[in-house]
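Each of the two complexes below includes chain A, the first together with chain B, the second together with chain C.
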Partner chain A sequence: MQVKEFKIKWGMVIDIDKCTGCGACMVGCQVENNIAPMTKKDPYNYVQALTWDRDDAANKLKVLTWLTVYELSNGAAFPNHETAYLPRPCMQCGNPACVPVCPVVATEKNEEGGIVSQIYPRCIGCRYCMAACPYHARYFNWWDPIWPEGMDKGLSPSVSVRPRGVVEKCNFCHSRYLDAKNKARQDGGDPMNLPDGAYNTACADICPTKAITFGDLNNPEHKVHELAKSKNAFRLLEKLGLAPQVYYMSEREWVRKQGDNYNADGGDHGAPSNSHG
Partner chain B sequence: MDSKLFPEGTQRCSFGQYLIWMAALTGIFLWGLYAAVLVLYNGIGTTGLDNYFGFGAWITFDLAVIALGAGAFFTGLLKYILKIKQLEKIINLTVVVGFCCYAGAMLVLVLDVGQPTRAWFGYWHPNVHSMLTEVIFCITCYLTVLIIEFVPLILEQKQLNKIPFIHALAHNMHINMALFAGIGAFLSTFHQGSLGGMYGVLIGRPFAFREGFFIWPWTFFLFVLSAVGSGPVFTVLIATLMEKITGKKLVDFKTKALMGKIAGSMLCVYMFFKILDTWAWANGYLPSVGLTFDDMFYGFIYGKWLMWTEIVLCGVVPAIMLVTPSIRNRPGLLYTAAILDCIGVSLNRYIFTVQTIAFPAMPFDSWQKYYPNWVEYATSIMIIAFGFIVLSLAYRYLPLFPQERKLNYQSGE
Partner chain C sequence: MSVARRAFIQMSVGATVGILFTPTVWTALDDVSIWTQNWPWIPKLTYGEAKSLPTVSKMCESGCAVKVRTVAGQAFGTEGNTDNLLSGGGICPLCANGVQVMNSPSRIKAPMLNGKEISWDDAKALVSEKLAAAGSNVAVISGDQTGTVNEVFSGLLVNQGSDAFYSMPSDLQKADKAWTDLMGGSGQIGYDMENADVVLLAGADALESWGPTVANKKAFASNENGTFIFAGPVQTRTASVTSKWVPVPAEGMAAFVLGITYYVLQAGKSVPAADFDQFKAMVMRGYTPAKVEAATGVKADVMAEIAKQLLSADSPVVVPGGSVAANTAAFALNLLLGGAMKVLPEFGKAVETAMTRSEMLKQDILKGVSADVLLVYEANPFYVLPEKIKAGFTVAFDSVNTETTAAADLVLPTPHSYERYDDLASPYGVAVATYSLGTPVSKPTLNVMNAADFVLGLTDLGFESFQEVLEAKVAAVGADIDELAEGSAYVLEESADVSGVTLAANVLGKAAIPVKGNGAVALAPYTLLNVGTANQATTPNAPSTISNNQLIGDNLVVMMASVTAKKLGVDVGSKVKLSGGNGECEALVQVFEGVLPGVVAAPLGMGHTVGDEFSKGKGDNVYKILTVSSEAAAGASTWAGSTVNVAKI
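For the complex of A and B:
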């Protein structure tokens, strides 16, 4: 297994102890990235109108949520019961499970910054990448995307919408990355050395408790560089060796332990050497 | 009415009776077609699939029919390359069954892929590292080979064959069939293997991930072995079912028993490696990623009983039955073993497809259940109806069984 390295490595550190589970990050993501809400009716499809309704957002297994918040429990009974919330974007793995399996190169980890791309016009919708991703970070457009009347006015012109039948996922608000690089060029800065905060994701921007910190993991001037090295930092399923670029941190041991499986004794299976930063 | 079209020296049921039979099959096919139209027009949301189960009944069905269709390439290999003459009595049927299985799998894939009009991207933008690219290459090429193998059988139709050119063409195609059998064996081996490889390479899915040899995970080889260990007896079962429906003897039992012996030998090899692989996975790989064998199972629908049924009842048991001459040579027991064998390989494909993705890799996540809905059943049944229609046509009008005349209308032997 090989971890793909870049000069710039965009990553996140999510402080689970600060997360209240409010879900603002999910909403911010939804709006920023033109993620289609699910509607029961499709007024443009007459066959649909004659048959069954579509799934609405109540079906959490069919809804599109690039970023989703999981509820963690320590499993103890009251009064020792504790919960925690874990927002899960795409991990932008250094050794992604999804990229090598795509038959048509519709997803790649090739661009400086290490963001795993998703090329919608090339995706054939086979969903092999979804079967490959253990984080469930990939979503399929089960139905035609429809924005209820009025909501379409709020669509972002910077982000392409996706048709039915393709897979989509979090790309660290890639259009914001392009904007930040363009701005740096205009201002005479170096687009390959953006200052901390010049490029930020919508979820990190909107988080009311500042639980999400975003930046270049390789750049010592970025906060995430230090945070990712904190003794409380961990990544999800490190033993599988996917080397995510998203880190979590918590002072609570039970939360940290839920980041991986410890049911059996054993060594590290292909764990990457650069487990921190 | 159509008796002039029947194979030389054979009798068939009346045209009216045949029409009723075909109408029933067409009815079932049309029901599935309705579901297929819903999928293509409204979207795959119509099915029971979801973001946790991107693969489900369709992929299981595909993998199972392709494994069971392996009788075509393996029997072809043994007949044309290794020259086992006895197999010529069933070879035509293996080709037709193989064609039905592969064409059916392709039809299901048209529904399963979110953007079927982009299917050619597999050739245009191939990712050579993806097992699925290999699957796309092999499945399309092998279906072409199967069509080439099927064509001479159609050309040998009594009336068609009277045309000198067609007669000569069929004859020449037959002479060169060893070449296509060879190509078919190569393509189908890789295809069966890459289907297994698809799961074995999933580094994020501990249920399926396997180490392997060079670029091929162990599942690559296991899928090839399990396919050749079940495909031949599936053809035997189809032949027997056709005998029951038509009330005629179509293939002599000696040939069926030989197919059973071939499948049984391969099944024994497969079970040996499958048990070894399962043991190594449970004791070597799983602990290395912090998991145990018990973690891989949940409740009833993802229970261990599935795996034991697959490996013991539908694996070891039929393997022993098929390699033991005294058991294999008794029709009832041969068919029982064949049925168990086919269930076993289908169960294996189901477990690798559904349980692999049902297992929650993240400790805080939970097992999700997947139930295919009527759309997935209807479209799969449509494929089975398609297979029946093709076989019904082939049986009525093509010289499918070289032994039919001797076994039914002539005394002796």
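For the complex of A and C:
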């Protein structure tokens, strides 16, 4: 499959040298996208005594973290040890591995902007896409989303809540894209030529160190256009040829090498040592 | 009527054929299969006008300047406030979950006396009676470092004839002790990290948990040419982005700073302090690089290199964390360097009889609190140091259930930050004096009352309501209330007077000597905001952000370098018992090479016994194994130098 090109290509450049791994982006993402907190008990399960508890957030295999912050280690012993944090949203690949494997066309890369969609009502939960995605950016909704009593009052109006049994993923806060285009239309602007910052994701907005920069990679007036070309920029697992629209930056060579799962020395430090998700 | 055999057979055959051809059965089966799989609760989204309303959030220690997103008047999310210099658009992970905490079922719904609901009038009558009986034997513990609510509480104490105002242990308190008590200064220390060209974070985990973290991160992000160096026993999240991590034991931080000071003095730097000569002699004699290296393990050439960087910088700054001695040493070094350390004036008071911020920090909670009546405001001392609190009658003001509300006799629910008037004056560490105002952006749904309003009903401070107090405060600050209500911060660029400040030479010489407990390994407690602070447990959406370096399942995780693990005979995943201080903790071992050998790093803020399912029973409470020791020379108590014994179980 060929890399799909668009006039507008929304992308991120994440400066790993600025990310402290605080987790604010992950919390902001959950709030924006109506991802329910993980609760063990289900108040609607009237036979709870006969069934297993649901998983709580301690089970990292079952959490819905569309954006996950991974902890990287250079693998060296004290005192030469170095550490770094890598936030991982959906890469919105130019040549996505998840799209061709979907048997029901629940995920597509067709819209101007290059965001890989996830159409929940079509999804049958087969999880082929999860198996195909090398970035582990897709999550299966194992449990009904249940907000503890009263917390369902504060749901984001822009994002529908998904039932259990479907695959979910980051969509660059797509409803914000729609809002930005609508606003441009109302204000007499061009929805196909949004100014830098008119459309921004929740994680980029909330980041206290502004490690995440978001914009149109094809638009020279957007900061990401230049940042993605900087000498320290790289993409994860670039050798797979999936052409992610998410770039990373680091002055540290070991970080850049791990980004492409560099294994030339046969060492064992290819994978992140620990992760949040 | 009789049914013949033939008729019965005809009817049975007809019914069978009918059932086979009718869609009803199959549709019903289909429906059953769908509806038995359907979720029992269908969430409904609210639609309407969307707004973004500015206020302040007091969930983290320093407080965040936020905007609360609402739809049809219903709050649903929190974002940063770009109009306020404390935020610049970012917020911390705790405040990012503010609305969810506000709507949490663990909120306290009504005043409770020993577990039974009572009316506000009865609560007021009861507290009035208790206060009258207690006379001056009344104490307050406040978990708020920046609010005018403290003026109201201290005004009550003054009217009772008491000076027992306690704050929870904080870096602000250590800095105040060093600056005002030992060095004779006035005002509050700040650090201009945005404009400094070399920033030495001497134990201050400034980009994760120390000081105004969001403002610090904003300064770090915009200071593209500055060099940041982190010194401390653990390669914290701050250290993951600084140019350099210098491993220094917590108890050796003061000596380490004086070791750097040695080179700075050698380069001829001086200040017109009365005790400069004594200070210089003390450092040049007692804190030579060789002596500091022997005491702390930090190589002399490392200190020499840092001193060189600081000396060649135009605007360097040393930001201390940890003991009073480390703060004193850092302030002395900053005065010598003449860089980006600032001294902020305190804003005027609203309540005339109230204590100043510095006066509120004088009592040492680690030495213990004893009173007939104890008022606790949004603090959790029964989680952090339960054995130090002795009270005849405890009143806890809080918005959510905690160990302290569980231990209190009377629990009085406060509105959440987003439901009340509040303010945020100069959080410790900011470079300039700032004042932000919080106004209610969401209607309270529970039977709550602002703690200050309750206290104003108990004692005469010249105000009817807290709103009036805040109006007086804004007038005393000299700000425009309308501009503040729109979310911008008032900034006062003035500096406090530093003439007459000494270098505390007579105290520092002794206070900076590293003192360690006698356990097998040193304990390096650390705070991560997503895990929680002393007063605020983790929030509903934060647990999925907690890494397996802090929590695996329900087990606390402690980190150590491989050499330490080998020495202790443990490995990754070993279950260990840590004993020290007043108790024990159970934990799993994680090997992390970013920990000084001989040190175990453990996260604070877990192991709650009261609270919601997101924090209760998760991990273990590391405060139990901290040892309170006396910084004898500095006249303060500290947790620095805590050690633990580690046993494999």
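Just so we're on the same page, the second predicted complex is superposed on the first by the 259 of 277 C-alpha atoms of A that agree within 3 Å, B and C clash if a C-alpha of one lies under 4 Å from a C-alpha of the other, contacts with A are read in each partner's own complex, and residues count from 1 in each chain.
Everything that follows uses one rule, which is that contacts are C-beta pairs under 8 Å (C-beta built on N, C-alpha and C of every residue); 3 or more make two chains touch, one makes a residue touch a chain.
All values derive from a computational prediction rather than experimental measurement.
By the touch criterion defined above, A:Val47 reaches chain B but does not reach chain C. Residue contacts after overlaying the shared chain place A:Gly23 against chain C, while chain B stays out of touching range. Touch criterion met: A:Asp144 reaches chain B and chain C at once. When both complexes are overlaid on chain A, the residue A:Asn193 reaches neither chain B nor chain C. Of the two partner chains placed by superposition, A:Gln2 touches none, neither chain B nor chain C.
Of the two partner chains placed around the shared chain by superposition, chain B is the only one that A:Val105 touches, whereas chain C remains out of contact. Of the two partner chains placed around the shared chain by superposition, chain B and chain C are both touched by A:Arg164.
On chain A, the surface patch touched by chain B in one complex and by chain C in the other comprises residues 63, 71, 73, 144, 163-165. Residues of chain C touching chain A in their complex: 37-41, 43-48, 50, 71, 74-80, 88-93, 96-97, 99-100, 102-105, 107, 207-208, 213-214, 217-218, 220-221, 235, 237-241, 245, 247, 528-530, 539-549, 551-554, 561-563, 590, 592-597, 612-614, 618. For chain B in complex with chain A, the touching residues are 37-38, 41-46, 49-55, 112-116, 118-119, 121-122, 124-127, 129-133, 135-136, 198, 201-206, 285-292, 295, 356-357, 361-365, 368.
Residue ranges of chain A in contact with chain B, taken from their complex: 1, 42, 45, 47-48, 51-52, 54-55, 59, 61-63, 70-73, 86, 95, 97, 100-106, 122-128, 130-136, 138-144, 163-167, 236-237, 239-242, 257-270.
Taken in their complex, chain A has these residues touching chain C: 17-24, 26-28, 30-32, 34-35, 37-41, 44, 56-58, 60, 63-65, 69, 71, 73, 76-79, 81-85, 144-157, 160-161, 163-165, 202, 205-211, 274-277.
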